[in-house]
């Protein structure tokens, strides 16, 4: 495969051995996201513990990029504060929109830096973002529920 | 190019400048996405350039030299297309922007209402499904569809159940862009006629690959699209018998399609102009005319025979790849050269991406035929598709690429 | 080319291959029919040829290299057009086949029904009149119109009478292709807003000659067409604010414009894709992008100033021809460079034909604005129209030709 | 004017001094034809005397070609039998559709041969045919009326 390839070894590792896969209890919010163009889907659950992302579990189908990206996401956000995890989210979205022009920050993105190459392929950016969009959505719902129950 | 005996593919390929392209340094293009759009011979590009550099003017109504010339070119292509599909007269050929517009036009002008039924099939391209869904919503008619068999054919046992006395329109695809299936037009037409329904044929994938005879088909309307038949983007064709074009109401209103206009009301021009509002695709017609000439020179029988051979070869080679499952007919009988497949558990996106790294261009996704994908339990497929410039070398490159993909993913 | 100080016309003309053409041996072309369609610079033709020779593929959904490149070119033009007319986002730019389709689309998706009123003007091109006539027939709404003054302007005294609380849509032309008149958009918009009506602007003749700022205009939708702005045939533009494109229902159904499709029903893609069913005009977008670059490089202010000078010169020279009567404003105030006239009793057909024998290409007829012709008591006019490549020499050739026509007919 | 010109001297003569112009009584049928593209119009009357075209009168507006063609028409058909006039009609229509490829028969078409050049200009063929179409229409109506009254 060419040097340009988006298929970095890190991505393939996450694809072959996805972390935190499978749906788990307990959770505060569950969402289902679909990329209708290619049929990639994900069901994702978020459990919050106060301000901390206690767990993210998921069940998904799709290409290596979408699968690996879900796995990398869980590594980055589980155990972090919602704010910190949000920073990783922002950094990842920015990276995906960079068309290959951004040098990712490994301190913030860890394994997710391997997706830098994907940002050069507009058609695949959606695959890489699927789990992240689902996660964002679930966190917003879970936080709203918590506010609802505390107010 | 061992197997291609019917056509001098090497010579034909010289006419298509893009086939010399390297996708990346030292990675030549292997184009297997002709069902999405065909490549264009230099003859087509020359005709368009010549139009713009020497004859460009708006058509009709002009009496200066350029306007007369542009009109002659535009109407000349109408006559060529009429001959190409054996229309009774050039006036039966309406230029649209693509097949999709032609099908939407029909969905707007054919007469049906509450209680009436419109029938399509489960293998339709979205462009021959969504317009009828919208039309049914608009008019209160009901949409029904003919299902598919496990081997990628129309379920003809469904015909009598689905097509009834309430059916006003039966619209279906001649050759499926997803499955490659060629449908038995005569069987569907006979059933539709028996209940007095109009028949619309989506010939977007058949005109470019096998040619058609609109009179022999016995349908009421046919849609096809220039860019899949070696012509440019931006031009499509609606064919219908003159009597139908006269009887149906207009669709888009504007310049060219009128007879007399006053503020209070207007009357319509005779067909085909009645359905050609606004400045038409003039340069595109120049290109399409050259494309029709090119196909005619090669001969549609030769094109068809060549693609038949290629398809046989591809079906055989692909089925020899372990774990590869073809979605659609697995033999060449009543089948064209668009072949969809699943490669073990490797997702089509990954298949397509890795093939692209080797220069092999295939399409992945639902190919605008999502209901058929759902029917076969796949969210997406990888599709290879051929045209007259495709060689067995291209198929070999695909198959070799697929083996590499499998190896890469350890599948 | 004495008078043209604002633009280096001689240099610009070198970019337009057709301007070197001889209509007949030793009879060079004098093209004064740019309001019908503009000529194209080599840059536009090169962009299209390069697209077909190196990047041709269907857009979106493809992940192979050509498909990515074609998509980048297509979407790149959307961004260029957005910048050119100062849209808030490229997503507000919908590609159609021409202005006419854009206006028909609006006439289908804007909400009005029985008892509602739609207002146009008596100087509309048929493409901004007939779609509303058809829509009113379809929906039971009533069509009303603003009349014209003797000197070729909108009769603004009519505004309060015609635009009422029942008015749902006001659709009018920015610059008339027949009269050359530029309408006071602000006045009409203010009145339309005061009754809560949608405002549609037909900018087919203004975008190519003066450029527009869609946000400053304050309207709800704008239509224009590629072939009049140095671009190819087969592509037009609908602009509308994103919120409107989201709120209005779809028009044509098919590939590209959907989100999820099942046999039972479908959901729509986000704008602009929602309004782009089927294979779009991809090569045409490549050409239009180059046309926008060309106009931007020259600068629309310079184009406008040049045409203003030319129009002043032409109005002066034409009015010096005895028996010539201009139909439309006779000064350059709020006026573009399309000039219609009657030459004594000589019929426009004869004027046009004899001018053509001298290589001078003008348009004759009702210019798809028959109601305005009727208003001014002429069945047809002769129209000369300019663009950035027009020189005062062209005007001189026209005027000389007109004197010869008069002499020929002893008029 | 170039040698190619459609403006033959014969045409210009008929245009400047049209024959049989003006509406006259008596007549058996009157028709109005319009070319909406260019606004050319003609009102034309036919009087039949048994099988003979007794008179054709007309009032018209339009370009030199349409005017001259009306004048030439009247010369050709007035005083002829309907059958003979019909032959001239057929010959003229054929000439107009010939795209300049036909050598017209002067015995049948007389001055109308001057229109051969017009057939090379598709946009002007309609102008040349306007009066002829109107005449055909009027004759059909007049004949039908006569049959109606004799049967």
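Letters A, B, C and D mark the chains in the order given here, with residues in each chain numbered from 1 onward.
Here, a residue touches a chain if its C-beta (ideal position, glycine included) is under 8 Å from a C-beta of that chain, and two chains touch if they have at least 3 such contacts.
Being a predicted model, the structure only gives us computed values, none of them experimental.
Across the two interfaces under comparison, B-D and A-B, the one joined by more C-beta contacts turns out to be A-B. Subunit B and subunit D have CA centres that are 47 Å apart. One inter-chain figure worth recording: subunit B and subunit C are separated by 31 Å, centre to centre, where each centre is the mean of the chain's CA atoms.
A straight line joining the Cα centres of subunit A and subunit D is 81 Å long.
If you average the CA atoms of subunit A and of subunit B, the two centres end up 39 Å from each other. Those residues of subunit A in touch with two or more other chains are numbered 36-37, 121, 124.
The multi-chain contact residues of subunit B, meaning those touching 2 or more other chains, are 24, 61-63, 67, 258, 260, 349, 353, 364-365, 370. Here the touching chains pair up as A-B, A-C, B-C, B-D, C-D. Per the touch definition, subunit D reaches subunit B in the complex via residues 34, 36-37, 121-124.
If you check the complex, the residues on subunit C that touch subunit A are 61-63, 67-68, 71-72, 258-260. Residues of subunit C touching subunit B in their complex: 17-18, 21, 23-24, 29, 31, 33, 36-37, 39-40, 44-45, 48-49, 52-58, 61-67, 97-101, 103-104, 107, 122, 125-131, 133-134, 143, 145, 225, 227, 232-236, 250, 252-258, 260-263, 265-266, 277-284, 349, 352-353, 355-356, 360-365, 368, 370-371, 374. Within the complex formed with subunit D, the subunit C residues making contact are 24, 347-350, 353-354, 357, 364-366, 370, 373, 378-380, 408-410. The touching residues of subunit A, when paired with subunit B in their complex, are 1-2, 4-7, 16, 36-41, 61-65, 121, 124, 127.
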